[in-house]
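Quick one: this structure, given as structure tokens, is what I'll be asking you about.
Letters are used for the chains, namely A, B, C and D, taken in the order the chains are written, and counting of residues starts over at 1 for each.
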Amino acid sequence: MGIKKAGVLGATGSVGQRFILLLAEHPDFEIHALGASSRSAGKAYEQAVTWKQTDLLPEVAKKITVSECKPEGAFAECDIVFSGLDADYAGEIEKDFVNAGLAVVSNAKNYRRSPDVPLVVPIVNPEHLSVIEKKISDAKTAGEKKPGFIICISNCSTAGLVAPLKPLVDAYGPIDLLTTTTLQAISGAGFSPGVSGIDVLDNIVPYISGEEEKMEWETKKILGNFNKEGSEFVPLSDDEMKVSAQCNRVAVSDGHTECISLRFANRPAPSVEQVKQTLRDYVCEATKLGCHSSPKQTIHVLEEADRPQPRLDRNRDAGYGVSVGRIREDPVLDFKMVVLSHNTIIGAAGSGILIAEILKAKNII
Amino acid sequence: MGIKKAGVLGATGSVGQRFILLLAEHPDFEIHALGASSRSAGKAYEQAVTWKQTDLLPEVAKKITVSECKPEGAFAECDIVFSGLDADYAGEIEKDFVNAGLAVVSNAKNYRRSPDVPLVVPIVNPEHLSVIEKKISDAKTAGEKKPGFIICISNCSTAGLVAPLKPLVDAYGPIDLLTTTTLQAISGAGFSPGVSGIDVLDNIVPYISGEEEKMEWETKKILGNFNKEGSEFVPLSDDEMKVSAQCNRVAVSDGHTECISLRFANRPAPSVEQVKQTLRDYVCEATKLGCHSSPKQTIHVLEEADRPQPRLDRNRDAGYGVSVGRIREDPVLDFKMVVLSHNTIIGAAGSGILIAEILKAKNII
Amino acid sequence: MGIKKAGVLGATGSVGQRFILLLAEHPDFEIHALGASSRSAGKAYEQAVTWKQTDLLPEVAKKITVSECKPEGAFAECDIVFSGLDADYAGEIEKDFVNAGLAVVSNAKNYRRSPDVPLVVPIVNPEHLSVIEKKISDAKTAGEKKPGFIICISNCSTAGLVAPLKPLVDAYGPIDLLTTTTLQAISGAGFSPGVSGIDVLDNIVPYISGEEEKMEWETKKILGNFNKEGSEFVPLSDDEMKVSAQCNRVAVSDGHTECISLRFANRPAPSVEQVKQTLRDYVCEATKLGCHSSPKQTIHVLEEADRPQPRLDRNRDAGYGVSVGRIREDPVLDFKMVVLSHNTIIGAAGSGILIAEILKAKNII
Amino acid sequence: MGIKKAGVLGATGSVGQRFILLLAEHPDFEIHALGASSRSAGKAYEQAVTWKQTDLLPEVAKKITVSECKPEGAFAECDIVFSGLDADYAGEIEKDFVNAGLAVVSNAKNYRRSPDVPLVVPIVNPEHLSVIEKKISDAKTAGEKKPGFIICISNCSTAGLVAPLKPLVDAYGPIDLLTTTTLQAISGAGFSPGVSGIDVLDNIVPYISGEEEKMEWETKKILGNFNKEGSEFVPLSDDEMKVSAQCNRVAVSDGHTECISLRFANRPAPSVEQVKQTLRDYVCEATKLGCHSSPKQTIHVLEEADRPQPRLDRNRDAGYGVSVGRIREDPVLDFKMVVLSHNTIIGAAGSGILIAEILKAKNII
């Protein structure tokens, strides 16, 4: 057990900086390797980074010498590697790390659709990690050394969406129709250059490249099934679930708001009060496992007419809890509601950390 | 014919100020009476008002002495009276004006549901004015003097919503399912106090009191039918059309963005290209009548992936045109698209002016 | 010693809510009385308040029954009473509390100019509390019971301004010319209604009623002197120090930015490096006394060209530290620099709490 | 006379787009050549540009084939060339154009400090164009062909600053001390990427690279003198005028607000009322010449306590007028006031157009 050695790929970027913040005072992990481009490699981290977080650059990270993103040297000794790499680089580098036998938790989109890669929102579907457990146990049985693996963090807007869906599906059966219109924060777009100021000042951009497709597809994998062998994922089919997303960028720093609407396949549908109670009662597995970052309350059901609001509610349970409000009947589908989640915590780096906590709790790392 | 005398009720308020701006250089109307609370009555308008428009207070309005909101004095001589009154006052005052034989176009919500009051978006359903024409002609037949009447402007978010629906229903038959999630500007809420700064800075408020009910109901009246006699309106039933609205307040000054999704009752549904062409081809009646403020292009179909945007597109055709973008198939209903309309022009005062232009063109006033 | 009983006047308002948040987990104080208008009195606090903080309403405050703002009942037992009252009510009520022998720390402006009332920024001039100590000791000598007293928190923008001035004056003698142009956050204006959204969206309001006069005057009291007896304050004269403030309201939630420029009376002026070092070395008395909320680093001297920035730097030392950047020579006066302070912490409620901590550390309460 | 042929360098950029908008319906000019990078050259303008203006791309520009930025082909026939080039390219290209005998009005900073290049704010110092007139007349005398020349548009924040200074200096003699703290809009920074959204959302950036130096220096050239021969400019010395600027980037789309303070060299200083009257009475030369874009009222003196505000006042006289408010005595210098100017009109492209109108009116082109 003890403290696990953690590496961060893409350490100078927006997601990498957040991994470092979350790791800096973490009881389970210590920062052991920081990887960035060859331009940064060799420098002390504090020299290499343009730090743009509201929390100060942690002392513990300042003097670490930045490495190149290769599965050697400091990274070779890591129990877990968090990847905040851009998709342009993640594909190649993460593959190298897995091939070198390393455990990678990635925020990049590259391997999310791979049939044997778990796409995990840690407060929703940690049971998908069983595919990794099986892979490790199969290798052991075969007398091979422990294999490397990759686990993908979902898209930020998907994380908020599926959080309330999971307990509802568990309680009332499949959701066959689902619509979501998002009002997404700008922090998710990073900061070099990120979203242009002129695009979000007195404005809305009703489009985020690739986002709608990601939400529509990822939801079906996260709420989906395994193959018979338990070695691959079988997303829900369009017949089982139709998902429609409309994504907007708005002038909010952190916190994705989603106006969702859903229909259950089974009749009669539950009552509004049943839906609320099911959400209130939901305790995610990470919380049951006692994971350090797991939310006390997984889903906060708000009763005030005008909540959740990003500025007021995004930091519930340090950003690991999801807020759901305005749960009411929908004239078109069954129910509509407003879901708020912290896009850089449960929607990105924070999910990565919580996944690693679960991996440790389950002795996978 | 000639120039019509216009009065404005609630002249010092947000909507009243916009009526005045639009009337000041209007070729069809002259400002003849300005009404406000007894606190303002007797003062020159420039003394009574806290002017908060980006255009300067028109010279022509500055010296007009503000009256009380009574159907006497200057108002008695008006051919048309525009009401920007708060709902708290509009009910009583507007009734008095109608009873005094005056023609009232109101932005208040009080009489929108009255069966014999037209609820008109002038680029959508000016044919609803026939109820007024019938009322006048009936009075004439009966040897009575010309009756007063009231016409209601729709809610701001309803106006944008129904604009593209009308030509689609005309072309492809009824829409039976409709969802809209709005991202609404703050100017619609007036400015004393209006929306609080702290509520829209780095924030979304996912609730606007009464707004969803208004949108769901008004849409069915505007797209609805007449009774046999042509004297009353018969809104669509829930069986004919289900509408679901989710309303959000966002940090935009002017321009309501709506992410809508719809299903036609008839199969097969038209193609995306047909939908676009129908919207492009639509010419509203006001434009055919040559009304001064009518849009050259009623509906602007935008092909860029990230449009319409409020800051860039809200002023098309001086705010009388509606922009529609991202028209595409919807996995849940038939089509989804983004609709942008100027909430204080086509969504409020501007619609009032254009209604009056139609009334004049049809010799109703 | 032990835990002191604290009361909060104006408990449902913006400043009152922040007092409650800061008191809820404070080791030195417990919330004993909450006062609000007669409309709220008698209700449980959670019923009476519209809570609008980003932190949740503390459990410890929820069930407290709100009292009227009278120096009786629960308030009579308080060791310290924090006032977040509006100026309209503060004058009368605070006087009653003092007359009843209570210790009041007030955020209202009413008594700031009273010659015997300390106007205290706790990281700047806690020595002004000696006037209270003298008052108490005089009463004791005279055999009278311990008198009530009031201490005023400075205006929010004054607090940030004087923080760097104090150590500079101590080190290099009087500052005779001082200009400040402020870019002030909206949270200071409260929220009912507070600053209107339309006023700060894509806009600046270059005026805050009464603010410039307050800054110009308060600075001279805070940096000023005592009379011979040590019983009253003698602000600096215009001959000793001229202060010019220009105040702007901007679209920032928390954190006042000030661009200041100053000239020392003595020649030669210190060097830029001396100024920086003096600010870095400054340790406020509250920190020396070990007060719970006192900043580890009173003044943070930032070297990055584009700092301090409100979003990134306002929370240094939980809002009790002040950030100063861009210290450089000024072509007109001696030096210019940018000062950032948290307007609701060191600029309001937080200062009140820290003043009370100092009072306790000095056995004044 | 007649209509002059105009070229635009950097035509796809932010400034270039505004030149095109202003030229499209201009009675004095027609767009004859559009220059951009070799990547764009050869394409129709509507294909080459990512249009991001609130007004639609003018029909007249859509089909123009974009050229490379060389003083040949279409550009060789231009009577006037407007340059919106980035400073990285402007130096070389503009020199080539001048050497080819072309008249260039540039928004780039490269030649602003050249002693023989006029730095012109057209509502302030068009008399500086005499240096060009002399150059042309000298060439004529020498029997040489008409020489090319360049005129520089000032920095956007300088333009607003000097507008009220000029009439005051003319009336009351030199200003020897001047401070300005700016709150600058983001449109000036262009849009690829321009100012990052995360930098201006709930934030201020108290720094704009190079801006303060530009303001401090340009002011002294614009208000400065000529050498004896009238062939070169002699900026004011530090002894004659000290200028101190502090520049901030804020969440405003268009419109720079400046809080300025100034002292006259002569005693006694004028009264506040005299200052106001002088500003009100100022009629710039362009207006006297009847130039198409010249403001009806050069300087708008606002009496409301809380004005000017960018959203409400930036469009006075189509952005060619400057608004000045809060004129009052300053405890440190003589007067303080708030100046608002439209940074992309009088502060950039608009000034270029108005300079060209003056050139035409004076038969320089």
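Points to keep in mind about this one:
Here, contacts are C-beta pairs under 8 Å (C-beta built on N, C-alpha and C of every residue); 3 or more make two chains touch, one makes a residue touch a chain.
Here's who's who by UniProt: A, B, C, D = Aspartate-semialdehyde dehydrogenase.
Computed from a predicted structure; not experimentally measured.
C-beta contact counts were set side by side for C-D and B-C; C-D has more.
Annotation: 41 Å between the Cα-based centres of chain A and chain C. Centre-to-centre separation of chain B and chain C, using mean CA positions: 49 Å. Here the CA centre of chain C is 43 Å from the CA centre of chain D. Counting partners per residue, chain D has 52, 199, 201-202, 251-253, 311-312 as the residues that reach two or more other chains. With chains as nodes and touching pairs as edges, the resulting graph is complete, every pair of chains being joined. The part of chain D that touches chain A in the complex is made up of residues 52, 186-187, 191-202, 251-253.
Residues 52-54, 56, 201-202, 253, 311-312, 315-316 of chain D touch chain B in their complex. Here chain D touches chain C in the complex through residues 177-179, 181, 183, 199, 201-207, 209, 216, 238, 242-244, 246, 248, 250-253, 257, 259, 261, 305-312, 325-326, 330-333, 336, 338, going by the rule given at the top.
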